[in-house]
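Before anything else, here is the set of structures, which you'll find just below.
Here come two complexes built around chain A, the first alongside chain B, the second alongside chain C.
Here is the complex of A and B:
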C-alpha cells in the first residue's frame, strides 16, 4: 500500500470498511475443488487468472453446471481477442485465423506461437491445447452455443480488421459503433444467455429477448470504450464514432487538447448518454436470473459499469489518463451487487443520481441525459413500486360496517387507557398528599406564601421562622 | 357516410390542436367547433358555433342542430396558477367543468351521438398533496378531496364514464401538464422566473419527476380515442393517462426552458422542502396583507416537490398511442412561439389591453 492510499483511506473510512468487509464476509456461492480436477483444467483456470483480472473470481464461483463451460467460453473469446489485437500479424493471416477459430476449438492439440512478443495474453494461445482438450469434454449442446458465437464473433472481428487494414481505422457512424460493440460484446451476452437458459438457471423467456441480451454486452463495452479513450488513442485506436465526435471537434485528436476541454466534455457526455440508454434493459435482463451465482456473475460487471459511467461522466481526466475507480468504491459496489435485484437497482439509482447531479444545462445533451436518467428511475419504480395504490383505494372507499366498528373500538380503547392513567395519577397523588397531611405538612402556609409571590424554596431555618410567624397565636 | 365530429373548446389551447390533428389525419371528416370565443386562426371547412356550455338548453339545441356522430369535449376551465390552491372559485369552476360536461353527456345521449371523448386530467388522481405518484397507472383511485381543479375533473370523469353504454361509447383522457405554442400558463410562468431572478432557487432536492406533455401529442391521443370509439370500442368506459412518456425532474424541465431563452442560473440553492413550505406560509400572509402576489405559497412548494408521472402502458396498449413530438422538440417550438408572441405583444400592447380579460377564463 502506497502512502497516498493510506492518506486516501484515512479520509474515506467507509471505503476502507468495504474492502475489509468484502475480504472477510464475501463467501463464494459455489467453490471449485481443484483437487478433483485434471491437470488440463487446472491449467485452464491458471490461464483464466492470468488473462482476466475482474472476471476470474466471479467465474470460479459459478454453479458447477456452468463453471467449466463459461470459463472455457471466456478463454476462447479471449484467444480471439488476442489475435484481433495483435498488430504484428499480417492481415491475411489474421483474417484466416479469426474466421477459422471456431474449427480450431474442435481440433486436437492446436496452439499458436505466432503472437507478437509483447502481446500480454500470448501465453494463452501457446497453451491453447489445454483449452481445446477440456472443451471437447463439455456437453455437446454447450459446445454448439460456444462455437456458434465464436464463429460469428470471429467473422465480425475479421471484417473490422480488414476495414482497419484498408486505412478506415475508427468507427464512422453510430450504427457501426453499435455493430462493432455487438460483435465484441453483444454476442457474448447472447452466448451466455443460451448457456444460462439451457442449464435451467435462468428464466427461459430471456432467450426470446435478443434486445436485452445485446444491451447487457453493449452497456459494458460502451462504458469501457468511454473510459479507455486515452489509452486506446495512445495505441492508435479509436472507437468513438465520428458521427458523435465530429459534432464537437474537427479532428479526433482535438479532444485531447486542453483548450478544447468544454467541447471534449460535451462530446463525452453524448457518449455517456448513448451508453446510459442501455441501463434499464440490463436491469430488466438481471430480473430473469434465478440462481445466485449466475446472478452475481452477471450483476457485478453491470454494477461496475454504471459506477464507471458515473465516474467518467463530465470528467476531464478521461482525456488525460486512465481513470479508475478506487478499490474501496469497487468493493462497495461488489458487496451491493451480489445480493439481489433490489440491491442492484439501488446501486443503479445511486449512480444514475450522481450522473444527474453532474449534469448541467450548458451541456447540449442536458435534457436527453436527464430523460435517460428518468427512464432508469421509472424502470426501477416499475419493478419495485414504492407506493401501493391498493392502500389508497381502501382509503378512498367508503367505510364498511366492520371498519366502523373497529374504529369505534379503537377510539374507546384510547379513552379507557387515558382514564386509567388519570385515575392512577389521581389515586397516587391523593395518597401522597394524604400522608404528608397526616404527618403534619402545612399546606395552608405553602398556599399563602405562594399567593404572596414567594415561589422560591426557603432554607430550613427560614422555613422554621416562617412557621413561627404564622403560628404565633397558639404559642 | 363520413362522421361528423364536434370539438368543444376548439378555439382553445388543446381544442385547436385537436382540430388541427383531426383535419390532418381525417380530412374527410366533417368538423364543427363550439366555443365561447372566436378562433385565433379559423380553419377552412370547419363550422364554428358559439355557445355557453353551462346553459343546458343552448347545448341541447345546438347538438340537435349539428347532429354530430362523435363529440370531443375539451372545453373546460383551468384556474390560473395563482388561483390553483384557493377554494374560492370552486363554484364557477364546477359549473363549467362538471355541469358543462354533464350537459354535453346528456345532449349526446339524447341525440344519438355514438362516441364521446372527454379531456380529463391526471389531476383527477394527482392533486392530493398527501401522496406521491411515481409511475402510476389506471388502478390508482381518483381523489375527491384535493384541489378544486382536480376535484372538478374527478367529478366530471365519473359522469362521463358512467354514461358509456352500447349506444354511446365514452372515454376519458387524463393528460399530464400540457405545454406547447399557445400555452398561457407554464412557459410564461417559467419565463417570469427569469425576469424576477428566481431561477437559482430550487425547492427540494430537484429529483422529483413529472410528466409534461406536448400539446400535439395530446391532440393525437384524442384522435386515436375517437377512432377507437368509432371502431373496436376497447377504450369505452375507460380512463387513460396520456403523457410524453419521458418523465423527468421538474427542475430539469425548468432549466431546459430557461436554457432555450438563453438563460442559465448563475448558481443554484436547494431550499429544503420544509423550509420552503414555511417561507410559503409567510409569503401567503404577505400576499394577504399587501395584495402583492408572491410566486411562493405552500401549494406551489408542494407542487414543485411532488412526484407525479404515469406508466403510459394502457394508452399504448389500448389506443396504440405513442408521442410523436419529444419534450426537447416541444420546448424548442413552444419557446420560439412564446418569444414571437411577446415581441408582437410588445408592439401592439396598448391596442390590445381590452382583450386581456379573456385569459381569466381560459378555455382549454
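Here is the complex of A and C:
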C-alpha cells in the first residue's frame, strides 16, 4: 500500500470497510479443488490468473458444471485477442491464424511462439497445448458452442484487422461501432448464454433473446472503450466512431487538447449515452440467471461497468490518463452485486442517479441522458414495483359528510362548554358581590382608594378611620 | 424511421373531431390530413382558430342535444374523436367552486353523455374515442410509480380534484356504451394522456416560461429524483388501431414513454429558451427541500390570504411544491402492445420544437393557439386537452 492510499483511506473509511468486508465475508459459492485436478488443468488456471486477475476470481467460483468450460472459453478468446493485438505479426499471417483459430482448439499439442516479445499474454500461446488438451475433455455440446463463437469472433477480428491494415484504422459509423463491439463482446454474451442454458443454470428463455445477450457484451465493451480512450489513442488506436466525435471536433486528436475540453466532454457524454442505453437490457438478462455463482459471474462485470460509466461521465480526466475506480469502491460494488437481482438493481439505480446528478443542460444530450436514466429506473420499477395499485384508495379516506358534521358538532360542544363555564362564573360573582353590597360593603370607597393608588389592605382600624373621613357629614 | 414503414393511407370514412379547433384536437386534425384518407369534420364551440383547408367546420355546443343532432345527421360520422374539455384549474382556488364546477360537469359529463346519445342514434358511427386524463387515477398527492391501467379510477371521496372526477365520470360513461345492446354498432375506448405539451400549448410550457420571466429558474424544490411523464403532442403516421377483439371498451395510458426527472424537463425548456442559469446547472442552483418548501409556500399562502381576503394565491403554493417533488409516471405497455402505439418524436425534439414555436409567438410571428382564448374566457370555451393519438383505424 502506497502512502497516498493510506491518506485516501483515512478519509474514506467507508471504502476501507468495504475492502475488509469483501476480504473477510465474501465466501466463494463453489470452490475448486486443485488437489484433484490434473497438471494440465492446474496450468490452465495459472494461465487464467496471469491473464486476468479480476475475471479469474469469479470464474474459479463457478458451479463445477461450468467451471472448466468457461475457464477454457476465456483462455481461448484471450488467445484470439492476443493475436489480434499483436502488431509484430504480418497481416497475412494474422488473418490466417484468426480465421483458423477454431480448428486449433481441436489440434493436439498446438502452441504458438511467434508472438511479439512485448505481448503481455505471450506465455498463454506458448503453453496453449495445455488448453487444447483440457478442451478435448469437456462435453461435446459445450465444445460446439465454444467453437462456433471462436470461429465467428476470429472471422470478425480478421475483417477488422484487414481494414486496419489498409489504413482505415478507426471506426466510422455507429453501426460499425456496434458491429465491432458485437464481434469482440456481444458474441461472448451469446456463447456464455448457450453454456448457461445448456447446463440448466439459467432460464431457457434467455436463449431466445439475442438482443439481451448482445447488450450484456456491448454494455461492458462500450464502457471500457470510453474509459480507455486515452490509452488506446497512445497505442494509435481509436474505437470511438467518427459519426459521434465529428459532431464535436474536426480531428479525433483534438479531443485531447485542453482548449477543447468542453467539446470533448460533450462528445464523451454522447458515448456514455450510447452505452447507457444497454443498461436496462442487462438487468433484464440478469433476471434470467438462477444459480448464484452464474449470477455473480455475470453481475459483477455489469455492476462494475455501470460504476465505471458514472465515473467517466463528464470527467475530463479520461482524456488525460487512465481513470480507475478506487479499490474500496470496487469492493463495495462487488459486495452489492453478488447477492441478488434486487441488490444489483439498487447498484444500477445508485450509479444512474450519479450520472443524473452530473448531467447538465449545457450538454447537447442533456435530456436524452435524463431519458436514458429514467428508462433504467422505470425498468427497475417494473420488475420490483414499489407501489400497490390499490394504495391510493386504501389510504385513509378524506372526510365524509358525516365526519364533517361530527367535527362541526364537536367544535360547537367546546364553545358551549366554555360559555357555560364563563356564564356560571359570572352569575356566581354577581351573586357574591350583590350579597356584599346588601350587607353594606363600601365599593365606592374601595374604588376611590384604588384610584389613588392604595392597593394594599388597610387593616380594620385604618379602614374605619378612612370611612369616617368620607362619611363625616352623617356623624 | 417513421416515413419508411408508413402504412398506406387507410380510409376511415367520415371522422368527426369534437373540439377540433383546440390544442389537441387541431393536432389530431392535421395528422388525419397527413396520414389518412378520410372526410374530416370538426365540431367546436367556436371554429375561428386552428383551421385547416378541406375540413368542414361546424359550430355547436355539446351541452345541448338539440345543437348536436343536426350536425350528426349532416356529417354521418363513422369515427368520433372527442377531445373537448374545459381547461383544467386546480381545486383549492375560490374560483373553482360554483361556476367552474358546473362548467366541468356540463362540458365533461353532460357534453360527453350527449355525444354518446347522438352516436348511439346514428347508425353510421362505429367508433367513439374519448380523451380522458391520467389524473383519473391520481389523488394529486400520492406518487405514481409506473402506474398502469390496473390502478383504480378515483372518485369522491378519494379524488380531491373535481375536474378529474368529471373526466372519470365521462370516461366510465364512454366505456359503458361499448357494444351496448341498444347500439351494438358502437365501439368505444378511452385514452388517458399525461403532461401534454407542444406547439399551441399554453398551459405547461406557459407556466415554465412564466417562471423563467420571473427569474425563478435558479431554485429547485426537492432532490430532483422524481420521474415525471410528459407527452409531446405531435405524431406522424403511427396509427393506433382500435381492434375489435382487444381494444374496445378499454382505457389506455398514453405518454411519450420517456419519463424524466421533473426538474430536468423544466431546465431543458429553460435552457432551450436561452436561460443562462439553467445552462450552468448543476452549478448555481439553490435546492430547497420539500419540507422547507412547503413551509414557505404555506406562509406565502397565508400572507396572501390575509392581504387579499382569500381571493388570490401566490405563484408558489403548497400544491405547486408537492407537484414538483412528486413522482408521476406511467407504464404505457398496454397501449404499445394492444394499439401498436409508438411515440415518434422524442421528448428532446418536442422541447426544441415547442420552445422555437413559443419564441416565434412571442415575437408575433405566429398566431397564438386557441389555448390563450380559453384562458381569457372562462365562459366555457372548449379547449382540447388530451392525448396524441393520431388516428384510429377501425378494423372491420
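We take it that the second predicted complex is superposed on the first by the 389 of 475 C-alpha atoms of A that agree within 3 Å, B and C clash if a C-alpha of one lies under 4 Å from a C-alpha of the other, contacts with A are read in each partner's own complex, and residues count from 1 in each chain.
Quick note on the criterion: contacts are C-beta pairs under 8 Å (C-beta built on N, C-alpha and C of every residue); 3 or more make two chains touch, one makes a residue touch a chain.
All figures in this text were calculated on a predicted structure; none of them were measured in a lab.
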| item | value |
| --- | --- |
| Contacts of A:393 with chain B and chain C, given as first, second, both or neither | both |
| Most chain A residues touched (candidates chain B, chain C) | C |
| Touched partner set for A:368, first chain B, second chain C, both or neither | both |
| First, second, both or neither for A:358, with chain B first and chain C second | second |
| Touching partner for A:200 - first (chain B), second (chain C), both, neither | neither |
| Which of chain B and chain C A:385 touches, first, second, both or neither | both |
| Partner chain in contact with A:423 - chain B first, chain C second, else both or neither | neither |
| Residues on chain A lying within both footprints (that of chain B and that of chain C) | 353, 356, 359, 361-362, 366-368, 370-371, 373-375, 377-378, 381-382, 385-387, 389-390, 392-393, 395 |
| Complex contact set, residues of chain A against chain C | 353, 356-362, 366-368, 370-371, 373-375, 377-378, 381-382, 385-387, 389-393, 395, 397-400 |
| Complex interface listing, chain A residues touching chain B | 353, 356, 359, 361-362, 366-368, 370-371, 373-375, 377-378, 381-382, 385-387, 389-390, 392-393, 395-396 |
| Residue ranges of chain B touching chain A (in the complex, touch as defined) | 131-137, 139-144, 207, 209, 246-249, 252, 255-256, 258-259, 264-265, 309, 311, 327-328, 331 |
| List of chain C residues in touch with chain A within their complex | 137-139, 142-148, 150-152, 154, 157-158, 160, 224-225, 227, 258-261, 264-265, 267-268, 270-271, 278-282, 329, 331, 346-348, 351 |
